[in-house]
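Sharing a structure, written as C-alpha cells. Questions coming.
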Amino acid sequence: MNTTVSTATILMHCRDQRGIVAKVTEFIQNNHGNILQLDQHVDHEDGQFFMRIQWDLSEFIIPKNKIQDYFQTLIASSYDMEFKIYLSEDKPRMALFVSKMDHCLFDILARYQSKEWEVEIPLVISNHEDMRKVVEQFGIPYYCFPITKENKAEQEAKELKLLEDNDISFVVLARYMQVVSEDFINHYPNKIINIHHSFLPAFTGAKPYHAAFKRGVKIIGATSHYVTTDLDEGPIIEQDVTRITHRDTIDSLVLKGRDLEKIVLSRAIRYHIQRRILVYNNKTIVFG
Amino acid sequence: MNTTVSTATILMHCRDQRGIVAKVTEFIQNNHGNILQLDQHVDHEDGQFFMRIQWDLSEFIIPKNKIQDYFQTLIASSYDMEFKIYLSEDKPRMALFVSKMDHCLFDILARYQSKEWEVEIPLVISNHEDMRKVVEQFGIPYYCFPITKENKAEQEAKELKLLEDNDISFVVLARYMQVVSEDFINHYPNKIINIHHSFLPAFTGAKPYHAAFKRGVKIIGATSHYVTTDLDEGPIIEQDVTRITHRDTIDSLVLKGRDLEKIVLSRAIRYHIQRRILVYNNKTIVFG
Amino acid sequence: MNTTVSTATILMHCRDQRGIVAKVTEFIQNNHGNILQLDQHVDHEDGQFFMRIQWDLSEFIIPKNKIQDYFQTLIASSYDMEFKIYLSEDKPRMALFVSKMDHCLFDILARYQSKEWEVEIPLVISNHEDMRKVVEQFGIPYYCFPITKENKAEQEAKELKLLEDNDISFVVLARYMQVVSEDFINHYPNKIINIHHSFLPAFTGAKPYHAAFKRGVKIIGATSHYVTTDLDEGPIIEQDVTRITHRDTIDSLVLKGRDLEKIVLSRAIRYHIQRRILVYNNKTIVFG
Amino acid sequence: MNTTVSTATILMHCRDQRGIVAKVTEFIQNNHGNILQLDQHVDHEDGQFFMRIQWDLSEFIIPKNKIQDYFQTLIASSYDMEFKIYLSEDKPRMALFVSKMDHCLFDILARYQSKEWEVEIPLVISNHEDMRKVVEQFGIPYYCFPITKENKAEQEAKELKLLEDNDISFVVLARYMQVVSEDFINHYPNKIINIHHSFLPAFTGAKPYHAAFKRGVKIIGATSHYVTTDLDEGPIIEQDVTRITHRDTIDSLVLKGRDLEKIVLSRAIRYHIQRRILVYNNKTIVFG
C-alpha cells in the first residue's frame, strides 16, 4: 500500500516439491530483502505450487535490473519454475476499450483521476464516437476505429500498432461490444480483461439480462475474466451478484446490473494492477 | 404470524383489467373482513394481474365453507380469474423424500420439531435405508422404496398411493437422488419442491460442484425450484450464493454448498407453506 | 418505468381502518385511472396503514391540478389521512453538497449525465474549492461556502437562499464533511439524504473505519439516511456491507468502503426520486 | 482435508523480523516434512508477525512427541516466539452449553452426527432441562445446572470440574442465556466461543432484535466471538448478515436471525477446530 517504498513482487509457479518456500524466502532474506507479503497455494490434486511474494527493496543488495537474472539462475532453473518479477516503480499501462455505454468507463476514469490505482491510462479506444466527450473531459486521448466485417482485420492492426506505440501492458474491455479476433487476443494472453453481464457460466453470449429475465432467476451477476479465444470461457477473475424479484423488468435488471458490472470490473482491474493474479488451467489464483 | 387468529388467503391471477383491486377489496371489506396483507403485481408486458390477499375471518359474515363459492360467483367469474383460497386452519401436509444425505433433512426436521412452520409431516420416503434412524428419532414414519430401472413405475405407484392415503398436499425432495417420473410429477403440478446444488441455470445435471470447480467460478449457489418434466428447468423459487476462492477443493465446495442448500430449501418450503407463491410462465411470483 | 406516460403517485398514511384500500382504488378506477403499482403496508403493532399507489393519467377524468383537492375532500378527510401527490412531469430538483472526496460525487454525476434518474441537479454546493473542476466538467454550477465556527449561520443562510432560488426539493450530502445546523435541517425535513460510512448504529461519529479496524469486525458497511437533528440517528433508507479480513488495513477499508458508499447513496437517491419512501417513527418504509 | 494423513499444525506469533519464514520452512523441510499449507500475516503497523503452517508428518524425522521441544529450542527461542503445535490425531474436545433454544444446538449436533468436523463432543451442559431430550436423542450425556444468583459460583465450580474430567479443550455457548463468570472465563482464555444475535458492535446486550427493529436497520447480523470478561467485547471470529425490510416484525427478525446464528456459529467452530485462529490485540486472524 505504501507507495513510497520500492518493492519487488514475484509471481511464480512450478511442480510442487519439498523445499521451495525455504529456498525462495532464503534467497530474499539472505540478500537483505524484507518480505512484506507472502502467499502460497498448493493444488494437491495436480501437484502444482504457486506463490506470490513481495519484498522491500530498500536494503536489497541485488540491483533491480539483475534480480530477474539472479533469481532465474539461483532458484527458478533448479525447480523448473515459471515466474515474473514486477518492480513497484514500473506502473502498468492500461488501454481502455469502450463502445456506447458509459457506466464502467466513468467508474474507471473516476478512480484514475482520484489516483486510486497505480496505473497509467495513455489512451481509450472505441468503435464509436459516442464516448469521446466523456473521455476527453478527463484529458485522455480518444481513438475511434469503427469496425465492419470488411475492415476488422485492418482496424485491429491499427489498434495493435497504437497499443505497441503506447507500450500498453494490458487491455480492459469496458463493455466493448465487439468480439476481438484470435490474432488480437494472442498478442495479449491473459492480459485482456472483459466484463460479462451475467453470472458465468450462466447466460453466455448476447443479451444475458433478457435470458435471466426469461429464466426467472432470483439473483443476477456479473463476471470479469481474461479473454481467450473461446468466447465467455476465459479464466474468471471476479464475480458478484445482486438479488432481484418478480417485480424487476428487463430495464431494471439492466440498471441493477450496471452497478454490479462496474464494481466487478474495477475489482478485477485492481487485482491485475497489483499483480495478484496467476492463471493456471483456465482458472485464476487471486492472492489475497 | 399470529396463529391464534383465523384467516383466509387468496392467490389470484387474471388478465389485467381496470377495477380488480377495488372489486376484490370491496368484497372483503363489505363482508366485514379485515385485510391483513395485500400484495399485487402487474406484468405490464404480458398484461397479467396477480394478487395475494390475506384477511382476518373473525367477523367475516360469509361462512368459511362458502367463501370459495361466493368469491367465484361474485368476483372471479366476471374477471375470468384463476384463484385458490386457503384457510389458516388447514395446515399443508408435506411429504419428505430423501436419499443418503442428511443436512437438508436435519434442517427441516429441526424446524419441524421446534414448530417453526405451520405444517404437518406425516411421513418420510426414501430409496435407501440410511436415514431411517434419523427420521424415526423425530418420531416420523419412514418408508423405504428402493428404485431400480425395472421396478420404478411400480414403486412410484406405491409412493403415490401412500401420499394419497396421507392426504399429502406437497412434496419436498431434500437431496433425493432420483429423477421422478413424468407421471409422478403430473400428480403434483407446482407442488414438488426440489433443491439443486448449483446456481441455476449454471451447472445443470449431475455433479455441479465438480463442474463449478473445473470452471473456476468465484461464487457457488443453490437453487430451489418446482419440479417440472424438464429436468432442472422448473420455476425457480429461491436462490442464494456464497463466495469461494482458489483454495477451495471439491470437498470444501460440497461442505459450503450444504449450508447453502439447506437454507435455500427451507426458505422455499416456508414460502410455499405460507402460500406466497404464484407460478406463471415457468416463473414464480413470491409475494413478500 | 415508461417515462412517456403521465402518471400520478400518492404516498399516504393513516390509522388502520377497514375499507381504505377499497375506497382509494375505487376513487382511482371510477375516475378512469389505471393502477400501475400498488403497495401497502400495515404496522399491526401500532395500527398504522401505509400505501403507495401509482396510476396512469392518460384517461383520468380529474384534471392534474385538481387531484390534490378532490382526493383530500373525497378520501383523505374521512380517514384523517396524511398524503402527498406527485406527478411524473414534476421532476424532483436535487442539490448536491460535497467536500473533498469525489467518489460519491462522480457516481452521481455519471448517472445524471447518462440520464439514469428522473431528476434535475441545478447546482452543487461545497465548503471547499477542491471539487469545482470535476463539477464544472459536467456543466453544473458550483458554489463554494467555506464554513468556520463564526460564519456558519451566515453561510448556511446564503445556502438556503440559493436552494430556495433554485426551487430545490431535496438535498444530498455526498460525503459533505460538515454537520448541518438544526435550522437548516428544519427547512428540509426528511428531505436531506446523508451517507454515513459505517453500518449504523455501529460506529457513529467521526472515523468509523478506524473504529471498525480497531474492533476487528469481519464485515464493514455503509448507511444512507435522512438527516435529523440527532447526528447519525435519522431514519435509515438503505444499507449494504462487504466482507473484510485481518489483512485489511485502514487504507484498504477506506477503499472498499468507497465502493459501498457510492452504491448505497445512489440507491437511496433513486428511492427518493421515485417517491418510494415514507417516514414513520424515525424509520422508513421503502416500497419495492 | 485428507484425514488419513498425519499432520502437524503450528500457529505462531512474534515480533516481525527478517528471516523467520525461511527459518521455519527450512526447519520443516530439512527434517523431511512436506508443507501442505502456509499462511502468514504481517501487521506492519504494530510490527507483528503471524503464521500458520501445516505439514505432512509421514516422513518427518522428529518424533511427534519431540516436535514441541525441538521447535522451541531451534526456532522459537531465538525469535521470542509464542506458538502452539497441534497434531491431527489429537481431536479437540468440545463442550456445548445451551439453554432453551434449539436451532444452534440442532445444527451442531447434525454436523457432529454426520462427522462433518474432526471433533469430539463428550457432553452438553445446560441451565434448563428443556433440551435434554434433543441431546440424548443424539446419544450425548446431558447435564443440567440450574443457575440462581445464590448458587452460581457453586454450579460453575461443578461445571468446571466436569469439563476438566472430560478433558475439554474448548467451550461453545450455543445461545446459552447466562453470563459466565470471570473466573470461569479465565479457565478457558480464547477457548469459549459465543454467538451474539446482532452485528456487533451494534446492539450489544439483551434483546438485540428488538433494538434492531426499533432502529429501523435494513440488514441484521450475527457475530461469533471469543468470550472475554468484557461482555460482547471479545475478539470477533465471524459475522454474517441478511437483508430485512419494513415488513419484518420482531418475530420474523428472530426467525431470520436463527438461520444466521447457526451458520455463523458453526463457521466459527470449524475455524477453531481446524486451528485457523490466532488472537492478537482483541482481534482474530483467521487463516484462509
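First chain written, first letter: the chains are A, B, C and D, and each begins at residue 1.
Here is the rule we use: a contact is a pair of C-beta atoms (placed from the backbone, for glycine too) under 8 Å apart; a residue touches a chain by one contact, two chains touch by 3 or more.
Remember, predicted model here, so these are calculated numbers, not experimental data.
Novice: Quick check on the contact network: minimum steps from subunit A to subunit C?
Specialist: 1
Novice: Given the two chain pairs A-D and C-D, which is bridged by the higher number of C-beta pairs in contact?
Specialist: Higher C-beta contact count between the two pairs: C-D.
Novice: Tell me, please, which chain's centre (mean of its C-alpha atoms) is farthest from the centre of subunit A?
Specialist: The most distant chain relative to subunit A turns out to be B.
Novice: Between subunit A and subunit D, what's the gap in Å when you average each chain's C-alpha atoms?
Specialist: 37
Novice: Determine the centre-to-centre distance between subunit C and subunit D, using the mean Cα coordinates as centres, and give it in whole Å.
Specialist: Centre-to-centre distance between subunit C and subunit D: 42 Å.
Novice: Residue numbers in subunit A touching 2 or more other chains?
Specialist: Expected reply: 44, 245, 247, 249, 288.
Novice: Okay, in this complex, where on subunit B does subunit A touch?
Specialist: On the subunit B side, the touching residues are 41, 44-45, 199-203, 215-219, 221, 235-241, 245-247, 249, 281-286, 288.
Novice: Quick one: in the complex, what on subunit A touches subunit D?
Specialist: 18-19, 21-22, 25-26, 28-30, 32, 34-40, 42, 44, 243, 288
Novice: Using the touch definition from the top, list the residues of subunit A that touch subunit C in their complex.
Specialist: Going through subunit A, the ones touching subunit C are 1, 102-103, 106-107, 110, 113-114, 116, 134, 137, 245, 247, 249, 251-252, 255, 258-259, 263, 266, 288.
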